[in-house]
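Two complexes come next, and they have one chain in common, subunit A, joined by subunit B in the first and subunit C in the second.
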Partner chain A sequence: MPHVAGAHRGLDIWLIQRASALVLAIGLPAFLLYAASQPVLDYAAWRSLFVPLPAKVGGLLCILAVLVHAWIGLREIFIDYVHHLGLRVLLYFAFGVLYLGCLIWAVDILWGVQ
Partner chain B sequence: MSTLRFSIYRYDPESNAAPRMQSYELDAGFKGQMVLDALLALKEQDDSLGFRRSCREGVCGSDGVNVNGTNVLACITPLAGLKQPIVIRPLPRLPVVRDLIVDMAEFMRHYRAVKPYLINLEPEPENERLQSPEERAELDGLYECILCGCCTTACPSFWWNPDKFLGPAALLQAYRFVADSRDQATAERLDFLEDPYRLFRCHGIMNCVEVCPKGLNPTAAAGKIKALLVKRAL
Partner chain C sequence: MMQRVFMTKHPYYLNLLQIRLPIGGWVSILHRASGALLSVLVPVLLYGLMLSLASPEGFARVRGFLAGGPGWLIGLLVSWALLHHFLAGLRHLGFDFGWGEDRRRARQTAWLVLSLALALTALIALGSL
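For the complex of A and B:
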């Protein structure tokens, strides 16, 4: 029986999904602690949370992790349910562009806080 | 005296009728017995009822069926405790040959594809290829699989891609030979497995672990294959 090698894909994406989950598992509780450490959490205090550069960088890392994690999750769903190749590639592309747009928007929001 | 009520999937490909559920009843005296005993008694009532069985003690793996929504071996599943009517269907997703008999060809194709045999090109030793007790212990929880198909047909990833995803049973066997210290084809085996479909459709849903009548853990085996791929790649 011919032993046809696999596509040598999947491992990288699987690893990135785990890595992004790790970033979120550390980043979200860290952010909650950071927010909870404020004496009052009104709008001005919430805004000031994002003024320091480390908060901007950490926030952006978490948003990037969410978007990457979500895109990989959608990819798995599309592989399972969308068997038409052209449609599937179109969906990968559409959500890739959408999420990239969200990322750029997040940069604008985070760095807009002075 | 009360009775045991059953609702059993019936399909005869030679008639043009669509599959249907048929009701049966048995004496409550059967309650202490297994699902397979009930099926055999029902076949006495209605000899057109089709199902597979052989060893009737959980060793051969031929009587995998879906009872009240869970894949089981009929011969080792007690009737007591099952909610009535006891709904018996063929294993999910595989083509039905007749009634409770499914076509295992796809399942076996995936099993064959992982080359479930030792590959060792060195000259055969005088007696046997030796393993240390620790090396032998690596195979525990892997070699016991009886290929009943309960796990693979309980796996949603298999339901969506039955032609491309190997499924839990074949992945367990793939790891059984990857883990064997006497096997020399580990690299080729990993090359074969590193694929978005063959291996990476496994998302750790663990239906396979829940239903395996032998108490094996295909999800862990798939995880160990992934770990070996990571080790090889990084």
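For the complex of A and C:
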């Protein structure tokens, strides 16, 4: 199996995986508490959660952390189970494009709530 | 003599159906499986978020989907995956800081992660009946 990356990337990736995990370890419980502050979670209340700018920024940060975390996690799985290098790189690329699309989509969803 | 020791039946190929995983191994493989499931479902979850925020009808559709039938089971599966992945991830962050690395403590936290994720999923199931 030829090497396709510099030897220093492993540590970067290891760190980014922990950093994104930390963002979510704080962000997800924070969002649950924020949502639980609504007495009744009907459509109006659900929508109102996403109106303030800090909620949009925090929400987008969490979605970005999910996308980065998922991309790196899938990379680990592809390295372990997809031994054909071309297919492995293609899968990694495809999910990269998919997740970039998801990020742009998430901006549209969050900033569409006014 | 050494040669004979090495040639005895020895599962050098890790077939998951043949080897007995220790509890930490189960938590680990489920951490990976739940992560893979959530990774693949990211666009689906975003679609649900979009629908739920777009209009009262969309919100009602998402609610209705999660309220019963296959949607209810899918919601529970995703909830379990998220809980297990989250808790197992906290356990790993603990290891990174050197906490809980000895065998006894690692086994205790592995059981804790496995059972807490299942118990919380059961609570969600009961709460949404």
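Just so it is clear, the second predicted complex is superposed on the first by the 108 of 114 C-alpha atoms of A that agree within 3 Å, B and C clash if a C-alpha of one lies under 4 Å from a C-alpha of the other, contacts with A are read in each partner's own complex, and residues count from 1 in each chain.
Keep in mind that, in the parts below, contacts are C-beta pairs under 8 Å (C-beta built on N, C-alpha and C of every residue); 3 or more make two chains touch, one makes a residue touch a chain.
Source: prediction; values computed, not measured.
In the superposed model, A:Leu67 lies in contact with subunit C only, and not with subunit B. In the superposition on chain A, contact of A:Val89 is made with neither subunit B nor subunit C.
In the superposition on chain A, no contact is made by A:Ala45 with either subunit B or subunit C.
In the superposition on chain A, contact of A:Leu28 is made with subunit C only, not with subunit B.
In the superposed model, A:Val97 makes contact with neither subunit B nor subunit C. Touch criterion not met for A:Val57: it reaches neither subunit B nor subunit C.
The partner of subunit A that touches more of its residues, comparing subunit B with subunit C, is C.
Subunit A residues in contact with subunit B (one complex) as well as with subunit C (other complex) are 76. Subunit B meets subunit A in the complex at residues 112-113, 115, 156-157, 160-161, 188, 191-201, 203, 226, 229-230, 233. Contacts from subunit C toward subunit A in the complex involve residues 32, 35-36, 38-39, 42-43, 46, 49-50, 52-54, 56, 59-60, 86, 89-90, 93, 96.
The touching residues of subunit A, counted against subunit B in their complex, run 1, 3-15, 76, 79-81. Those residues of subunit A that touch subunit C in the complex are listed here as 18, 21-22, 24-25, 28, 42-43, 46-47, 50, 63, 66-67, 70-71, 73-74, 76-77, 95, 98-99, 102, 105-106, 109, 112-113.
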